[in-house]
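Next come two complexes built around subunit A: one with subunit B, the other with subunit C.
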Partner chain A sequence: MKVSYYPGCTLKTKAKHLEDSALASLTALGVQVGELPRWNCCGAVHSLADDDLIHHVAPVRDLVRAMNEGSERLVTLCSMCYNSLARANLLMRHDEIKRKTINDFMNEENDYHGEVEVEHLITFLRDTVGWDNLRAKIKVPLSGMKIAAYYGCTLVRPKDVAIEPPHGRVMNEFVEALGAEAVDFSANTVCCGSYQVLAHPDVVVDVVGRIIASASDGGADALILSCPLCEYNLVKKQGELLQQQKIARKLPVFYFSQLLAMALGLGPESYRPDRNDAASVEFLRSKNFPVGSASVQP
Partner chain B sequence: MAIEISDKTINHEFIEKINQLSGQDIRLCFQCGTCGGACPMSENMQTLPRRIMRMLQFGMAHRIADVETGWECASCHSCTVSCPRGIDVARVMEAVRLLVLRKNINRIEPSRLPDGAVREMPQVALVSGFRKLTS
Partner chain C sequence: MSARKQVATGDRAILPEGAKTIPIFVMGKRYEVPETLTIMKAMEYAGFKFLRGAGCRGGICGACPTVYRGEGDYKLYFGLACQTVVEPNMFLAQIPFYPANRAQYDIETIEPLADAVHALYPEIFRCVACNNCSKACPMKVEVLDYISAIKQGDLARAAKLSFDCIQCGMCAGRCMGELPQYHIAQLVRRLYGKYMQPGAAHLKKRVAEIESGKYDALLAGLQKMSHAELEKIYKEREREPDMVGLGTWMPKDVSHL
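Let's look at the complex of A and B:
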């Protein structure tokens, strides 16, 4: 089975630690994924207007390329890319009329009918790598760490692209496979405020405060996620909460793949703590993980 | 303040437009308020999604133009997955926004965002924000 990897814009820049740690981990797990050639931005959000088809063209082009590569699956790391590609895929699979309009519009490409399966790395790890197989490759179990796994919105909503049924625990199973303790917390699928950081940054501070309080009350030492927008909001807005003295300390935040690379025994050049904030780096130090040249940023 | 609601005040064209854009039937809403209860932004909203639905049902185009709810919505789909009437409320919010954006009106001005913020924000924040809040 051929699997293509779709990085998306943010993974090549601001979320390099998501990409580097995931790809190094896949190599360590003996899994081959090839980056999709000539991919373009997925559009970040699925167009919700019934008459707006033009915004579906970008993600569909990515899917067509994966099909032309002979790939059965397109694996993503960014939750927002996952959501917009998976939703565009379902549209092409199930909406005959819109499919025809979009295929006719993109007449230089092969027609597409939803042939490729879009998958997020977290379910790929469970279903293709397998938890037992993963457990067998763990070199540095993350024992003693209490981890809150934060899904956010785009991995679980709307229902037709949810990576698992409501109240599923794939993220918690992942945490447990790494040898850490998974912390249940009620805000694990509450929105972080998303793009409203542009228009209503103060509201996002409040929303993030509620998510962090929920995870901290659950006893978490750190939080993991897979969305660069959630990461930005949760890290950045905790800084403001700290300044406003609404929290006593920042809860460390990591991409799920960073913990994966650490547990697989890879070095800081793979899990890239140099891209994390000071609280997260400090947490790694306290757990005796090498932080390499991570310079401490506020 | 008394509000007059009659066939004269109900903007039927507006209702039709919202239904078309969203692909939803807003008449289905029975005002239970579940959408607002599920909404992460509702604590900071003056007008809850349930009230938006009511204003839409009464075709109150002018009132809708004055409320902020659509611009405070983060498209998180919590309302959508919890509405007992099966209304995709996130699509209704999108329709409310698009009626403004499609008049070539920007809700945020990209050139006026603080320099530092643009430099440090992930692309996915900028792309999604511009998609939702600019024309």
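Let's look at the complex of A and C:
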């Protein structure tokens, strides 16, 4: 079965630590996933307007590219890319009329009917690599770490594209496979505030405060996630919460793939702590993980 | 009476007997023009005079983009008037200029980073990947691919993908996100050329030699020569033979190298 990798724009710019750590880990796990040779923006946000088909063209074009490559599966690392690609895929698979309209509009491409499966790396690790196989390759178990696995919205909503049923534990199983302790916390699927950070930043400060308090109350040492927008909000707005003295210290935030690379015994050039904030780098130091050239950022 | 045939009267060519003409529609008006002409020649035959919208006439300068459509076909096609041959019942219009946004920047101070490009052209994120830009490109540049590369921060790839761009602006004309693709690509190629592309070591050395005055005396000598002397040394100059293999030929006199 051919598996293609869809990075997404942000993974090539602001979220290089998500991509670098994941790709190095997959190589260490002996898994081959080739990046799509041609791809464009995933569309970022799935349009809900019934007659707004143009905003589905971007993700559908990516799916066509994957189909043209002969790929049966398209793996993403970014939660938002996963969400918009998976939802466009369902639309093309099940809505005959919209499928025809979109295929007719994209008449320079092959017709698409939902041939490709869209998958997030976290379920790929569970279902294709397997937790036992992953456990066998762990070189530096993250024992003693208490990790809060944060899903956010786009991995679990809406239910048609959720990576697992409600109250699933795939993220916690991942944490446990790395040898760490998974912290259950009630805010693990509370929205981070998303793009409200632009128009209503105060709203985002509030929700980030709730998420961090929930994770910290559960005893978490650090939080993992797979969405660059969640990462931005959780890291930046914790800085404001700290300034407003609403939290005593920042909770370290990592991409799930960074912990994976660390547990697989890869170096900082793979898990890229130079892209994390100071609190996260300090956490790694305290756990004796090399931080390479990571400079201390506010 | 002269045997020579008259070929033109006033500004109008006279067709040889039996020459076939075809109807074309320029901005909605029908003209009979000789077949096999390019759009540009056909329009000139029909009496149009190009003040703008014509430049090199060789398919390079990008001044003569034309949008056209065939009878019974809903699709729009794009070509250079100087390169595209007229077809019967072709409906066409010239678009010599497109008023797309062009950002101001100082190439000396701007950084060769995706962030800098995104800041100058934030509208790049309005792209919905409809691909109308690529469909409109008379040079068959994959415009959507280079726009995607810029969004992904890969300026080198974007510079290479957009290399054939002739700045005609048809991409911008068809863009539903109102992106000025060709101007963004030009900025990226400038950044790539100035900051990213490896410099040629031999060129740097030669520039330093010129600046150090190595060739000043030689040039001054040339300036003092008479016309006859110049003609003589020009005729006697050592010429690299045609079709010689790369790097296999050296002049006898290497004192200027």
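Couple of notes before you dig in:
In this text, the second predicted complex is superposed on the first by the 298 of 298 C-alpha atoms of A that agree within 3 Å, B and C clash if a C-alpha of one lies under 4 Å from a C-alpha of the other, contacts with A are read in each partner's own complex, and residues count from 1 in each chain.
Criterion: a residue touches a chain if its C-beta (ideal position, glycine included) is under 8 Å from a C-beta of that chain, and two chains touch if they have at least 3 such contacts.
All of these numbers come straight from a predicted model, not from anything done at the bench.
Look at subunit A after the overlay: subunit B and subunit C fit there side by side. Judged by the touch definition given at the top, the superposed model places A:9 against both subunit B and subunit C.
Of the two partner chains, subunit B is the only one that A:195 touches; subunit C does not reach it.
Greater residue coverage of subunit A by touch, when subunit B is weighed against subunit C, goes to B. In the superposed model, A:41 makes contact with both subunit B and subunit C. Think of it this way: put the two complexes on top of each other by chain A, and the tightest Cα contact between subunit B and subunit C is 6 Å.
Common to the subunit B-facing and subunit C-facing surfaces of subunit A are residues 9, 13, 41, 43, 55. In the complex of the two chains, the subunit C residues touching subunit A come out as 114-115, 127-131, 134-135, 144-145, 147-148, 151-154, 176.
Only residues 20-23, 40-41, 43-44, 71-72, 74-78, 80-81, 88, 90-91, 94-95, 98, 107-108, 113, 117, 120-129, 131-133 of subunit B touch subunit A when the two sit together in their complex. Across the complex, subunit A meets subunit B through its residues 8-10, 13-15, 41, 43-45, 48-52, 55, 78, 80-81, 153, 157-159, 190-191, 193-200, 203, 206-207, 210, 227-229, 231-232, 236. Residues of subunit A touching subunit C in their complex: 7, 9, 12-13, 38-41, 43, 54-55, 57-58, 61, 105-106, 108.
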